[in-house]
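Below you will find the structure I want to go over with you.
Lettered A, B, C and D in written order, each chain numbered from 1.
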Amino acid sequence: MKNCKWYIEQTSEDEIILHSLKEIIFSGTSPYQRIEIIRSGDFGRCLLLDGKMQSAEADEFIYHEALVHPVMLLSDNAERILIAGGGEGATLREVLKYPIKEVVMVELDEVVINTAKKYLPQWSDGAFDDPRVRLIIDDARSYIEKTKNYFDVIIIDLPEPAEGGPAYLLYTKEFYENVKEALTEKGMMVTQSASTSINNLRVFVSIVTTLRQVFPYVKPYITYVPSFFAPWGFSLASKKINPEECISKINEKIISIEKSLKFYDLDAHNSMFCLPKHIKRAIETEGRVIRDDSPLSFY
Amino acid sequence: MKNCKWYIEQTSEDEIILHSLKEIIFSGTSPYQRIEIIRSGDFGRCLLLDGKMQSAEADEFIYHEALVHPVMLLSDNAERILIAGGGEGATLREVLKYPIKEVVMVELDEVVINTAKKYLPQWSDGAFDDPRVRLIIDDARSYIEKTKNYFDVIIIDLPEPAEGGPAYLLYTKEFYENVKEALTEKGMMVTQSASTSINNLRVFVSIVTTLRQVFPYVKPYITYVPSFFAPWGFSLASKKINPEECISKINEKIISIEKSLKFYDLDAHNSMFCLPKHIKRAIETEGRVIRDDSPLSFY
Amino acid sequence: MKNCKWYIEQTSEDEIILHSLKEIIFSGTSPYQRIEIIRSGDFGRCLLLDGKMQSAEADEFIYHEALVHPVMLLSDNAERILIAGGGEGATLREVLKYPIKEVVMVELDEVVINTAKKYLPQWSDGAFDDPRVRLIIDDARSYIEKTKNYFDVIIIDLPEPAEGGPAYLLYTKEFYENVKEALTEKGMMVTQSASTSINNLRVFVSIVTTLRQVFPYVKPYITYVPSFFAPWGFSLASKKINPEECISKINEKIISIEKSLKFYDLDAHNSMFCLPKHIKRAIETEGRVIRDDSPLSFY
Amino acid sequence: MKNCKWYIEQTSEDEIILHSLKEIIFSGTSPYQRIEIIRSGDFGRCLLLDGKMQSAEADEFIYHEALVHPVMLLSDNAERILIAGGGEGATLREVLKYPIKEVVMVELDEVVINTAKKYLPQWSDGAFDDPRVRLIIDDARSYIEKTKNYFDVIIIDLPEPAEGGPAYLLYTKEFYENVKEALTEKGMMVTQSASTSINNLRVFVSIVTTLRQVFPYVKPYITYVPSFFAPWGFSLASKKINPEECISKINEKIISIEKSLKFYDLDAHNSMFCLPKHIKRAIETEGRVIRDDSPLSFY
């Protein structure tokens, strides 16, 4: 295990990143994917699925706070939360900082959960033992299809829709229609939405375009995730409530949790939701609708 | 020249990036540095100095608009501008979009200017021929030392202060004191301020800390530059005018130039100046003063 | 699984090789090591143990013919053969080309055998079904310790002795003393003996030096293995028979099998056993004895 | 210059090698090529032309002794020698170990010679000052075209025939016909002949095939060059003398120079000239004739 000193990740046809590799902590395969836990020099312990960085010790707080807190603070006292994916448990950890009634987490791959619990315990930080949590090992799409008008917030925390990969059909118009029905009237969803680097914008803008076919309000936002070596996109979508009209609410509500946060505050919120000109233009002009029968061909 | 297909750039002890290399357009050395023009698959033509990416065709507009427009719009009808470095000519191009009287550009390495003019003509886009421009081939520090109370805006567009490299002494407290004296009373400066990635924050926070020793108002800001694979820091500093009190001015003044911009608008401005919590904390706690006799030891 | 396009292998502190990666066919872990089957552009299907190339479709014939045929042809009508390691089954395949009575193969890791059978069937080519074969899943050292004066030929086909890896104690003086006792009087052994590249000679010369402490006749030899990107060492050792006096025998005996060989013939034999001056000098001057309590510290 | 820690070399579409980079000692361009002198961790000072390794401190003796001594010892008291290329001066250094009358060295690129003299002085070791040496800065092909029946030995020490590179037309049938005429009746030539790795054999076998169209005797041979990460081919060709009938001569003549050699001796000679079965088969079946109007398309 001492033989390798660099870990390779290819982020596009044209870019390869080598991370120094201090240790391979775990390497295995589940029925769904390769799962590796490594320790890199810059980012500490890292979870990789099918060779792609998912979370790193040094900056998982950025990704997970950026994913969870905008939707939780903009929605109206959400009580029932659904997390699709999120096997590391860190999304769950952030959700549990709110006085919610119930959070259902639907994760396909139990091996990811158990591996993360064992080797990355700070990620979940005991969240799986909270009595408000219900963990379901299932395909998130089939679970959501069966659910109507129930969840106040749905958080989609899945790997990218690589063809043949497990999250292939969780970024399509048909899927988002199911999500819409599973939400309560005032419900809101958020999904991680891929890289927004200039050389790699296509997936992000297509997710936004697709959401706009389904939801009346769609707000994309961006923050840089160091271990992804890219500015990362997220998309908030809601059925009835215009998120822009709720921003004032954040100000009061953030007080109750801000001490427990390392990345997110009002400035971070504002920074994320102000997109530069070329990204706004790309969203208007370059996206296309992702459908079950015409998914994205992915790197 | 067809033999190499990947270009290697090491951004830290622990991270290596390989860019696909379509063509080596120019490779040479000046008395100061290695200069290469390559074409990469993702970023088009790129200028590299001593093996480090300086500007890329695909996204130089982000870096140069982020560097130039905040300081130009926040300052009060600046008429006399100094650019230290900026050999590609793109910073000059952006400055010339304003109705200024005079811009002095002090660049050490004439070979960089001539190489960029020849192989990257869109970067300067004819700016060197503008009658308001005075080009001086000299060390920016010694030029600035000789100048008192003259420039309304000073823009510092230099490579990182690698030990033994040409920009070594252009990030120190002593240098910033010279800059302060070269500015008019209402003058403002801006400097590129290195990566703000979580694994690489030290230089950025030290530049901010050092500027705060010299200037009463210092405003760091950040935007992601795709070809640097990092969120990039900039620092604005002013003698008398609080930049925060001038933000309303941007709104009116931006109208006159916004059509010529691809990245910068009010949203981009707001996004850049809102720093997330962990960056603000790092600025308060981790920086140190850079001095002529205790420069940064650099990767 | 489509995300990675390059496979990384570090062959020393100072050298990294990237192989194009067309497909990850299998990735798993046994109790002893990580096991991967990939397809590279140049070498076809490859078996990797703990990230190190063991065998590649394009050139496994070179390694396996070089390992097996010299010892089989130089020894005197060997009837009982032991293979230590050799999980892919290709060493077994080559041994079975001779009219032997019995071949015992002792491999620690059953998962390697089963993975190779499934994904690399041409490697063993049915060899495991031959009635002359006895497969034992065990540590080769403990098996050999229990065996006295039985085998005519012992072939040691194990990964390098990485500290903490499974083959750690199978390159020491104590182990070779056990091998000597397990051989018949006219018996001969051969072991793969690591890279002989100029920057990496230490392990090879130490294996030769160690064998010379135990056996009266030791003949190192070398051939280039393309997928290892290095000239590879092997060492033949015998108790009573001087291999150099047997070379004439090869001439006659090779006729019976030469049609089934792709690499090995008399020329290949001669080329392998003639070492250049600097390698001979290194063997005389640079080796040291490897012992159970002073193993090699390995890259 | 301290920023880069790895040097990249791509040896085929499917293989990339990273060498640790301790220092960039020189980087420049001549009218013909990029020239770099670096120091790598494993190989010491290295000369690179257009990004390809030409010679390394740690093992240049292997390449240069393998190139020079077989042809010098097999030919009959050669007195007039021509070296085509060989800008580092190390081929010249080896040739001058013999009691020759005259050696003409024709090198296209004076910058290579001067750079090597300055930064790699042990390569030539004073050879350029020997009174028997005549250095001509010219294209070797046009020099050889003008020469008839003059040289006893011609040594071709040029980079690979990359399309558009300076050695493009120095591996064709037409060129070898000129070489043949420039040789005396008992004359012999040798040329470096590219990699013989299994994934990269095409150039080597085509050079051998092409030489066989021109010369009655052609003897390819191979030795591993560590810094090329490949077994390297050479080809000896002669007009009248069968090299195989001269091998006995080596035995006597080698005594006079063997003390000054580090790689080459009788064993090394025998090892190099015995090709394994798959290489012999490739030579018979896979080569094609290289002509001025149908050169090799090269990686």
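Following the convention adopted for this analysis, a contact is a pair of C-beta atoms (placed from the backbone, for glycine too) under 8 Å apart; a residue touches a chain by one contact, two chains touch by 3 or more.
What you are looking at is a predicted structure, and each value in this text was computed from that prediction instead of being measured.
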- Quick one: how many steps at least from subunit B to subunit C, stepping chain to touching chain? 2
- Query: Going by the contact rule set out at the top, which chains touch both subunit A and subunit B?
  - Reply: none
- Compute the centre of every chain as the mean of its C-alpha atoms, then state which one is farthest from the centre of subunit C. B
- Separation of subunit A from subunit C, taking each centre as the mean of its C-alpha atoms, in whole Å: 48
- Query: Which integer distance in Å separates the CA centroid of subunit C from that of subunit D?
  - Reply: 33
- Distance from subunit D to subunit A - Cα centre to Cα centre, in angstrom: 57
- Message: If a residue has to touch 2 or more other chains to count, which residues of subunit A qualify?
- Response: 6, 13, 16, 18
- Name the touching chain pairs, would you? A-B, A-C, B-D, C-D
- Query: Okay, in this complex, where on subunit D does subunit B touch?
  - Reply: 1-10, 13, 16, 18, 24, 27-29, 34, 50-52, 162-165, 298-299
- Item | Interfacial residue positions of subunit C with respect to subunit D in the complex | 6, 12-20, 40-43, 58-59, 61-62, 197-199, 223-224, 226, 229-231, 261-265, 267-268, 270-272, 274-278, 280
